[in-house]
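Comments concern the structure below.
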Amino acid sequence: MVKVGIYGASGYTGQECLRLLLRHSGVEVVAITSRRYAGLSIAAVYPVFSGLTSLVFMDASPHEVADQADVIFLALPHSESMKVAPVFWESGKKVIDLSADFRLRDIGVYESWYGHHVSPQIVPQVVYGVPELYRDEIAKSRFVANPGCYPTSVILGAAPVLKHRLIEAASVIVDSKSGTSGAGREPQVGSLFCEVNEGFKAYKVGGQHRHTPEIEQELSRLAGQEMKISFTPHLLPLDRGILSTIYATLKQEMTGKEMTELYRTFYQEERFVRIYQPGSFPNVAFVKGSNYCDIGVTVDTRTNRLIIVSAIDNLVKGAAGQAIQNMNILCGFPEYTGLEMIALFP
Amino acid sequence: MVKVGIYGASGYTGQECLRLLLRHSGVEVVAITSRRYAGLSIAAVYPVFSGLTSLVFMDASPHEVADQADVIFLALPHSESMKVAPVFWESGKKVIDLSADFRLRDIGVYESWYGHHVSPQIVPQVVYGVPELYRDEIAKSRFVANPGCYPTSVILGAAPVLKHRLIEAASVIVDSKSGTSGAGREPQVGSLFCEVNEGFKAYKVGGQHRHTPEIEQELSRLAGQEMKISFTPHLLPLDRGILSTIYATLKQEMTGKEMTELYRTFYQEERFVRIYQPGSFPNVAFVKGSNYCDIGVTVDTRTNRLIIVSAIDNLVKGAAGQAIQNMNILCGFPEYTGLEMIALFP
Amino acid sequence: MVKVGIYGASGYTGQECLRLLLRHSGVEVVAITSRRYAGLSIAAVYPVFSGLTSLVFMDASPHEVADQADVIFLALPHSESMKVAPVFWESGKKVIDLSADFRLRDIGVYESWYGHHVSPQIVPQVVYGVPELYRDEIAKSRFVANPGCYPTSVILGAAPVLKHRLIEAASVIVDSKSGTSGAGREPQVGSLFCEVNEGFKAYKVGGQHRHTPEIEQELSRLAGQEMKISFTPHLLPLDRGILSTIYATLKQEMTGKEMTELYRTFYQEERFVRIYQPGSFPNVAFVKGSNYCDIGVTVDTRTNRLIIVSAIDNLVKGAAGQAIQNMNILCGFPEYTGLEMIALFP
Amino acid sequence: MVKVGIYGASGYTGQECLRLLLRHSGVEVVAITSRRYAGLSIAAVYPVFSGLTSLVFMDASPHEVADQADVIFLALPHSESMKVAPVFWESGKKVIDLSADFRLRDIGVYESWYGHHVSPQIVPQVVYGVPELYRDEIAKSRFVANPGCYPTSVILGAAPVLKHRLIEAASVIVDSKSGTSGAGREPQVGSLFCEVNEGFKAYKVGGQHRHTPEIEQELSRLAGQEMKISFTPHLLPLDRGILSTIYATLKQEMTGKEMTELYRTFYQEERFVRIYQPGSFPNVAFVKGSNYCDIGVTVDTRTNRLIIVSAIDNLVKGAAGQAIQNMNILCGFPEYTGLEMIALFP
């Protein structure tokens, strides 16, 4: 059994990692940490775990966790993760970082969006962990930057047409909508039930959201040229799910059917990407609790615009599920191990 | 007191008209019709009206209602409305039609989206009822086509920049999200609680939604040139509200602050349009139950793209409220009479 | 115009008072206070007020507000209200206190549930403000303790059978369910969207909730004998509404129809209490945003048990609406002034 | 591999059976039937199954399914199930019936609540399938009546005190609240999103709900005496979950701690029943998607009343999960096989 530690396990992402890892046939979770809840059992903080595990939150140092575990999930907020990452890196253990701290290759870009970076020396060692695109690189690495939730939905949605150079680089508009679990478990007025329920809003409008440079970095890499996009996130009154509606002008005329075929071919070996039939489009309800990225595409022939709709569960394929997918690659497990959940509907 | 009839009053839109009209100081509702619920009191079908009115649904002919009422609201489905409209028109009474039947000026366009039109002779008499833009025309007419819910949010959102010729005509993308009351009260699987709740999806993707030609007709009129847009509607798991995120490329550079100023000036006399401060954007929760259209604008200077976010309550400003605003104009009441509700929050 | 101040106006209850008072024909709101938001406009904190008022939160002393206003609404948390109440009382102004501080007549009982009481001298001057039951007393007073939300639903639901001595005193069980706005706007984990949404729980089970002594005090007063009840509150994943299901054993046999008749007679003069037909029961959706208390009753003849279902909007009839109803009585306005809202449905 | 057929698989319960069976290590689903959707793949009707199975709905006769399968799940509406049951029974195959048709032992009682029974001869062969209470009987049978959702929550909640004869038989009140998936997938106005969302109501008040005789039959059996209860169901605006709050008068004084201990002992061998610590109570969110029944108990010492709160997922422990638990017993699999899902939170 591979021994796993979750460093910073008390947020929604951390507990989701634990939920999945407890049902993974090849691993044993040996340590979960939390400063706030140190000494409390996970079941006391998240009663869903009652009777399932005797794990207790520890306020452990990175060294202590590195000593116990073969693989470490870092589920800390950005700027916290980079403080402890060097210990884990130097320990020689495998690391999957769910924060934003190691996703941007250009330290200057990182610092203009997030602030000072204290561990820039690790950045060159890091692989950006979209298994569907970078499986081989991940397998050779031992430090994975797990992609952001919005970026995952956009990168998987746009990769086929970017790789095939089918769209005008300057034409991409991403209109994304996320469930509220993406905002985390910190108590704040904006995340209260009565502030979110029966509401819907755009936020960080006009290229203000920190996932913008991450999306641009990865789309540029896929396109082989610099991409600037317009990205507008919105907040949905539901728990789980991201749906991104992506617009781009085609360089040449294509039908929705041809486009669907192209997507099918591109992802034909991928177990976690499902391409919808022409005329059908995903719903976040159809991926809730699962590791799927569902994608539907069409062409608005009147305007020659491609429209891509992609849906994920932000806590699974957008965070914990993808992290475990990366772990499976790092550890040599079949990539889908522990990730075969069927979406919970309704 | 002006006497009002609601023809087809049993849907969400019809009952919302009634809800507002019962609190309007200048009118008396004299007739509500419904074939399905004929003989039942409105309170039996919508208990919110218990103790407030003794109105009973009648299965009355258009002639009977035209005889009793000075103003008629047609709250029928499209293709039903055009069947009865001639009687009301010929009766000389004032008509506000909430269906789509008289919104499109070009019968050919209507028929390609909705099917055969049986009352084309009325179309030339009809005014498209956005009071903020066509107040004077409305005042002179007696048949108003009340705008669709999505179109209202888009037209008010885009009017200032179209009138000022500030955007590239071919660049407009409208990503709209609507609450579920827009789907009406007909029982169908797709509108069930368990199918909508905790879900979010795009539908009629790729220019398939019937509001597309209506939006294009009105944006073209405002722009003084033919407009083709990409319009993607989405279904929100909430009762009331439409939020449209509108993207367009600017012809010239402008800041978000300048744009906000331009919007403020454009709508400075309008009581029901609220322009948000730069950096602030609307939430459908802030207009729920009210007749406001809230708008926030910004410029993504990296891409020179204008982003407009506009929010309405689809049943109020997107239907019944705007209909009463039109009635107020037709009847010479102050335009805001009966429409001063403050949004219900939370 | 009567001048009104709201002391502590930044919570959901305070802003709901403001929402209603701004549309009340007989009053002018002259002051709203908040320590946290001092200097900010109400519209900055609650955008629903944009364009509707220029009121700005002040960090004003009780003396300052008492100088400006004829009537003061205290919308502070319990234990805060009693600190400032004496100033308002001594100023000779009319006071409506929405906290729990002056609802319990027995200081000992208050202190065992809430802690030390610093203004016990005011308690004897206070009237418990259920207008339907104590209208005359309220009219003669100038300090009203506005009832709690749960108690309002229970007292109105049980008053007819208590007054008529129809039930066994020891048999009363109250199973209440409240929307989340009742938990206020303080950021705390338990009120986050993701903690409440798709969830439902009982809390303070076993007579632990502070509304228990308030309910017992008032039921005892109506029954003319000491009542001990079992009261279990639950948290609903919705914004507004309380539904209480009340069980009691009948002393004699009665039918549901007879019971309904008795309730109709008891409340026949009451505009804000609606008794449902036999076999029909309320839904919190039918009172949302309105000042109604809807009640349905039946008798389970197999067990000779009376079952009462009563529904209110916790922020309106359970707080701000009832407060304004009390103000109307205190000030000599018709009791329903400013309170004729029809529930917002859907 | 055991071959399984689902007869009537297109409702929420049927698809939930399939969802769980597809991940069960010991079975293969060989047939799913639906008259309405015959010829369509399950993925076309429930996109959550896209890419996971090639199963297609058949309009097959009971004989055809009995020929193919070793175990049959009947997921039909009541009164339909009893029409096909004899074929399955006579085929010698194992049957788990999720309808109400075979739960009541007394045909007279059945007929007074549901109408004429066409297969009374099977009733004596049937075991009522609460594994925690009747495991041995189930193991010896081959026709299981899977308990109703409400009854499951009540029976497991009340069994310990009934078996120990600790409560007054005439004192039991059950106040239950169910999520909307319990209403099924038939399109009807009352199940529409806009009718359920932001609403909460009691229904079938006064002993009118058909689960009343089922609950009474089973509680009576546990208590060894006839029980009459008051049962009031309510509709929650959420997808999954039943929470029952059960009140009963104790025959003798006990503390909440003693009661908790008694429940712990009673269920100490049970994997799917979790007893909460004194002072803690369940939330339906903590069992969503899992097969647990979570129970918290306390004593209101002021009234000597026991209060039990029990929570299940109505589609899992209240239907499909319990059915598979029964199948596991019938087939000799470990009882928890395929049922180890951790609740999906948030």
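Note that the chains are named A, B, C and D in the order they appear, and that numbering of residues resets to 1 at the start of each chain.
In the analysis below, contacts are C-beta pairs under 8 Å (C-beta built on N, C-alpha and C of every residue); 3 or more make two chains touch, one makes a residue touch a chain.
This is a predicted model, so every value here is computed, not measured.
Enquirer: If I rank C-D and B-C by number of C-beta contact pairs, which comes first?
Expert: Taking the two pairs in turn, the one with more contacts turns out to be C-D.
Enquirer: Report the chain whose mean Cα position is at the greatest distance from that of chain C.
Expert: A
Enquirer: Distance from the CA centroid of chain A to that of chain C, rounded to the nearest Å?
Expert: Averaging C-alpha atoms per chain gives centres 45 Å apart.
Enquirer: Rounded to a whole Å, what is the gap between the Cα centroids of chain C and chain D?
Expert: So the centre of chain C lies 38 Å away from the centre of chain D.
Enquirer: Between chain B and chain C, what is the gap in Å from one C-alpha centre to the other?
Expert: Roughly 36 Å separates the two chain centres.
Enquirer: Identify all positions of chain C at which a residue touches two or more other chains, and write them in rising order.
Expert: Residues 12, 181, 194-195, 197-198, 237-240, 282-283, 286, 288, 346 of chain C each touch two or more of the other chains.
Enquirer: Going by the contact rule set out above, which residues of chain B touch chain A in the complex?
Expert: Answer in residue numbers: 170, 173, 175, 177, 194-195, 197-203, 205-207, 228-230, 232, 234, 236-241, 243, 245, 247, 256, 281-286, 288, 296, 298-303, 305, 307, 309, 311, 346.
Enquirer: Quick check: in the complex, which residue numbers of chain A touch chain D?
Expert: Contact set of chain A toward chain D: 12, 15, 19, 22-23, 46-52, 181, 198, 239-240, 271, 274, 276, 280, 282-283, 286-290, 292, 294, 340-346.
Enquirer: Give the list of chain D residues in touch with chain B in this complex.
Expert: Against chain B, chain D makes touches at 12, 180-181, 185, 187-189, 191-198, 237-239.
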